[in-house]
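Presented below are the structures under discussion, each in the form of structure tokens.
Here chain A shows up in two complexes: once beside chain B, once beside chain C.
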Partner chain A sequence: MQMLSYVGRRLLFVIPQLLGIVFISFFLIKLIPGDPAVLMLGPNATQAAVDRLRDDLGLTKPLVEQFAIYIGKVLQGDLGTSWQTTRPVLEDLAERFPATLELVTLGLGLALAIGIPLGVAASMQRRGPVRKVADYYGLLAGAIPDFWLALVLIFVFYSLLGIAPAPLGRLDITLIAPDAVTGSLLVDSLLAGDIEAFRSAASQLVLPVLTLGLVNAGPILKMTQSTMDRTLASDFMRYAEMSGLPRRVIRRQAIRASLPSVITLVSVLFSVTIGGAVLVEIVFGWGGAGQYAVQGVLNADINPVLGFVIFSALLSLAIYLVVDLLYFALDPRIRG
Partner chain B sequence: MSVEAAGVPSPGGRPLPGQEWRGAASLRFFVAVLRNRPAFALGYGIVAAVVVLTILAPLISPYDPIRADPEAYLLPPSLAHPFGTDNTGMDILTRVIYAPRIDLVIAIAGTLVSALIGAPLGAAVGYYEGRGPIGRSLSVAVMRIADVLQAFPVFVFAICLVAVFGQSISSIVAAIAFVNVPIYLRLMRSQVLSIRNMRYVEAAYIAGASDAAILARHVIPNALAPALAQLSINIGWSVLLTAGLSFVGAGVVAPTPEWGSMIASGFQSVMTGQWWPSVFPGIALGLTVFGFGLIGASVEALADPVQRRALVARSRGG
Partner chain C sequence: MLQNLHAGEGATPLPPSPGTLLAVQDLAVSYDRYEKEPVKALNGVDIEVREGDILGLVGESGAGKSLLARTIMNSIPGGGRVSGGRIDFMGERIDAMSEEQRTRLLGNALSMVVSNPRGELNPVLTVGEQIGNMLRYHKGLSAAAAQDEALSLLKAVQIPAPERRLSAYPHELSGGMAQRVVIAIALACTPRLVISDDATSALDVTVQMQVLDLMTDMVRQKGASAILITRDIAITAHFCNQVAILYAGEVVELADTDLFFDRPTHPYSIMLFAAFSHDQALRRHWTRQADPAVPASACPFAPRCPRRQHRCVTERPALRRLGPGRKVRCHDPVEA
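For the complex of A and B:
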């Protein structure tokens, strides 16, 4: 009950925030020089045709009215049309967002698999090679641009060794994508029983996931290590140590006490990476949501950008809610 | 005469030599810390090297950074071209040396602007939050705006800003400043919130100091350390962001030498096996950001009383 009211309050707080985000991005994109009507009709269009299209698109109305119309449509589930793909933005995003989501989820999963064990090991062993490795890895991972790492991986595994498939999208071009159910190619191909498509999708995922995993493991490692350090120095852990509990038990207790801050970091990383993975998406020709939004900005195509901003804001919202629920599960003090 | 003067302790003469001595001691302390933590020295070394190379670029670089030699395109690294040439025939080593002129200037300018806006604003917000209803509602408004700005996907937001202001160096600086302001705002606010209730602030208030004087003389100096540590780390991020913007074509335009656009221009060549146009600028970029990260870590360690004491103890002992 207490939890429900907490979640309710949280939602109440988030709706104005969401409106603010859409408001700012709407006016920001409207400020971008470039007339969509001119871009849509091409350089040979007559002035009359451009004027007619501007009228049809509602571009001649005052900005505030345009914004009100847009919000009204969004509330009915209509995100408008992209003039580049000439398709409804909602359809486009339904196709592209899962691609980004699959990539980011697996990438952060790998980052956790690298970051947490290394951070725990470095924290349990104050002086030693593991600690040094962890220190330098944390700094290096924060310094390497992900798009460059992606290129290096492509060079080594595709150009040089020829193990990895060509970085040209989510599936080998000769294969037909399985029916979209969840949007994740891995899951959909398994559902369709198409082993060949599954294998291809998995092999296309390896390098981009490796890129995101290696880069994002840095902050996770640092956070795990510093929280573990603080936990191990706290009174209750010293008491556990003095009571003669075995190292294994102490480590488990310290990990559990450090989990909330790691989870917070992962939730932040997740919402940042949804937009931030765009560079990796471009390198691998992924056709994800971030790429779609960037193309929109560069071509004065407002609806895809707004759609992307709304989608990622909703996703962050969902993630933060899940994190709050996890806190309830992990920290007995909040349950009260 | 001088021996006598040195021997006789004169109360008036003490402060001056004392100050000199303190300067020398802090320098010696700094050196001792660097010897104790060689990684910090590495950080300062890398950044110093980048800065020196950049300033001396016209003297030491073997070629013209924006002159293409169509005869010599995509040459592998050799004695004549230590880092090879790119697909238009420009010397990569020369361009790598010239690039920080753009990258560092953008990153440092953007970071400084964001800190100069964000830190005082954050201090004011933190200070006035408990001072009456007007102060509180203004503070809440500022923090909500910061929430909204931070909820944006950073990269898409930055590209939007560059698109709005037009593609130029000053608009990249503006975009970087804009996305970083909330960081300083938050850091300063949380520091000031805890400092505001200190006894010495109360004492100054009772003594009749004005709000501006309390903020400038007592609050801000004591709240600045985390923001300073953030500065160096943030310069590194900003270099990454600049390179990323150029990589998608929303930043610095070719043929201006810039690491991100160099990596982008070598993108196709990497697929066919010519790694050098992309790899070298990336290494230079990564090393620079790494250096700034190490400096940030050293500032953080020196600003944290607990870590500083440990460092002092070890530096004295070793």
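For the complex of A and C:
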């Protein structure tokens, strides 16, 4: 009951938060120089034609009025049209956002699978090879840019060894994509019973997921290890040791106490990577949402950018809500 | 024999005599420093606890009381290490045990009551789980049986509404209740020796007496022995049959309680008594800190000692027998 009212209150706050985010992004994007009318019509257009288009697009109206019109449309579920793709932004994003989401979710899943066990092992064993490996790995993962790692992986596994598929998108070009239900090709192809598409989608995912996973495992490993170190040195863990609890119980209790920090970090990484995976998306020709938004920024195509901002803001708010609920479940002190 | 033990710094301590539960002999704990001489926080401590003894360990802040307790519990804080001497418990050297052996002993036959229970209990586990853990991992009880046993322990430590406290978290307890929980944990298994590390210092004076009464009663019921660490010498008069006075990491006087309170002999012991008197001039000595610059060849108490002689600054006194039931570390003890 307490939980429900908490969630309700949080959801109420989502509306003003979103409004604020859209407001700020709208004016910031308008500050970027570049006239969409000029870019749309090309270098040979006459001034008269450009002026007419500006008028049609509503660019001659005051900024505040433009914003009001935009918000009004958004409230009706219309995110505008992208002049580059000439399609409604909502449709574009509905296609691309799941692609990014699938990539980022699997990538961070892999990062967790590497980072947490390694961090825990390194912390439980102060002196020893695992600690060394973890130290070097953390340093390396922090120093290597993801796009560079992506290129190296492509070079090794596609160019040299030839075991990875060409880095050209989410599916082999000779295959037809399954009907979009969830937007995740893995899930959709399974739903459609299309094993070949599933296999292709999975093999296309391997390298980009590996890239994101290996790079993001660094901070997760570091956070896990340092939080575990601190927890193990805390009064209550020392007391547990003095109480002669077995090592596995000590480890379990320490992991449990360290989880909130790791969850916080993962939630931040998730929000950041949704947009930040754009370089990896470009290298693998992924056609994800980040790529779409960057194209928008470069070509003064404002609607895709704002659409992306709204989508990722919603996602971030949802993630932070989930994180708060996890804290609720994990820490009796917050439950009060 | 005692003369033998302290004949020289390098003399190897002998195994303790039978009937001795815990024998700490010539124990030294050092903290290494970067490019400097290590600091000796404990410097040749000798104490002995026989079956049924309740030993009071008294000293001012920084004398090494807690450090001694934590060294016995194999949990030396802050990177210190045992640099000399030995600790025998129930006929075995616990300072040279395997981790597995020690895990079986700690919390079971040798347990500790900590001074800051709300900081030392695990914040995310219920009281029932924490008491139950001891019974499950030391006695092999099932989870359900452990909960039943935990409930009867909570009743034994006289916590109000024990059924409800079983599912309470540490932050929901008062200081006195948390202290009782810690006592329940220490006495959950089959303790032979319970070390109370200033366990009641955070409590009101009235509650302090209740808790100490309860703890010493339970220790006696279980046929166990105890070490009560305290800064309050009055507590030892009430509850202990042996008193050890610790000063600057050394035992300066070790005596039967009756003898000690009848007639303390070490100048420091006498000043301890004076500290509880209303005489201002006497109390001023008590509040002065130990001088860390005392050379290793001098009596560490010499700078504060009103009976200091030339010999005191050139020769470190040994702990020697002074009549039956008393040992003192002083060249010139106060004899009536």
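General remarks:
Heads up, the rule we're going with is that the second predicted complex is superposed on the first by the 321 of 336 C-alpha atoms of A that agree within 3 Å, B and C clash if a C-alpha of one lies under 4 Å from a C-alpha of the other, contacts with A are read in each partner's own complex, and residues count from 1 in each chain.
The rule is short, and it goes like this: a contact is a pair of C-beta atoms (placed from the backbone, for glycine too) under 8 Å apart; a residue touches a chain by one contact, two chains touch by 3 or more.
From a predicted model like this one, the values you see are computed outputs, not experimental measurements.
Which of chain B and chain C touches more residues of chain A: that partner is B. Within the superposed three-chain model, A:V309 lies in touch with chain B and out of touch with chain C [touch as defined at top]. When the two structures are aligned on the shared chain, A:D331 is found in touch with chain C, with no touch to chain B. When the shared chain is aligned, chain B comes close enough to touch A:I154, but chain C does not. Looking at the shared chain after the overlay, A:V249 reaches chain C, while chain B stays out of its contact range. By the touch criterion defined above, A:A257 lies against chain C but remains apart from chain B after alignment on the C-alpha atoms of chain A.
Of the two partner chains placed by the overlay, only chain C lies in contact with A:E241; chain B stays clear of it.
Residues common to the contacts of chain A with chain B and with chain C across the two structures: none. Of all residues in chain B, only 39, 144-145, 147-149, 151-156, 159-161, 163-164, 166, 236, 240, 243-244, 247-250, 260, 263, 266-267, 270-273, 275, 278-279, 282, 285-290, 293-294, 297 touch chain A in the complex they form.
Partner chain A is touched in their complex by these residues of chain C: 70, 73-75, 77, 99, 102-108, 111-112, 114, 116, 119-125, 133-134, 137-138, 169, 171, 185. Chain A contributes residues 235-247, 249, 253, 256-257, 330-333 to its touches with chain C in the complex.
The part of chain A that touches chain B in the complex is made up of residues 16-17, 20-21, 24-25, 28-29, 31-33, 135-136, 139-140, 142-145, 147-149, 151-152, 154-155, 158-160, 166-167, 271-272, 274-276, 278-279, 282-283, 290, 293-294, 297-298, 305, 308-309, 312-313, 316.
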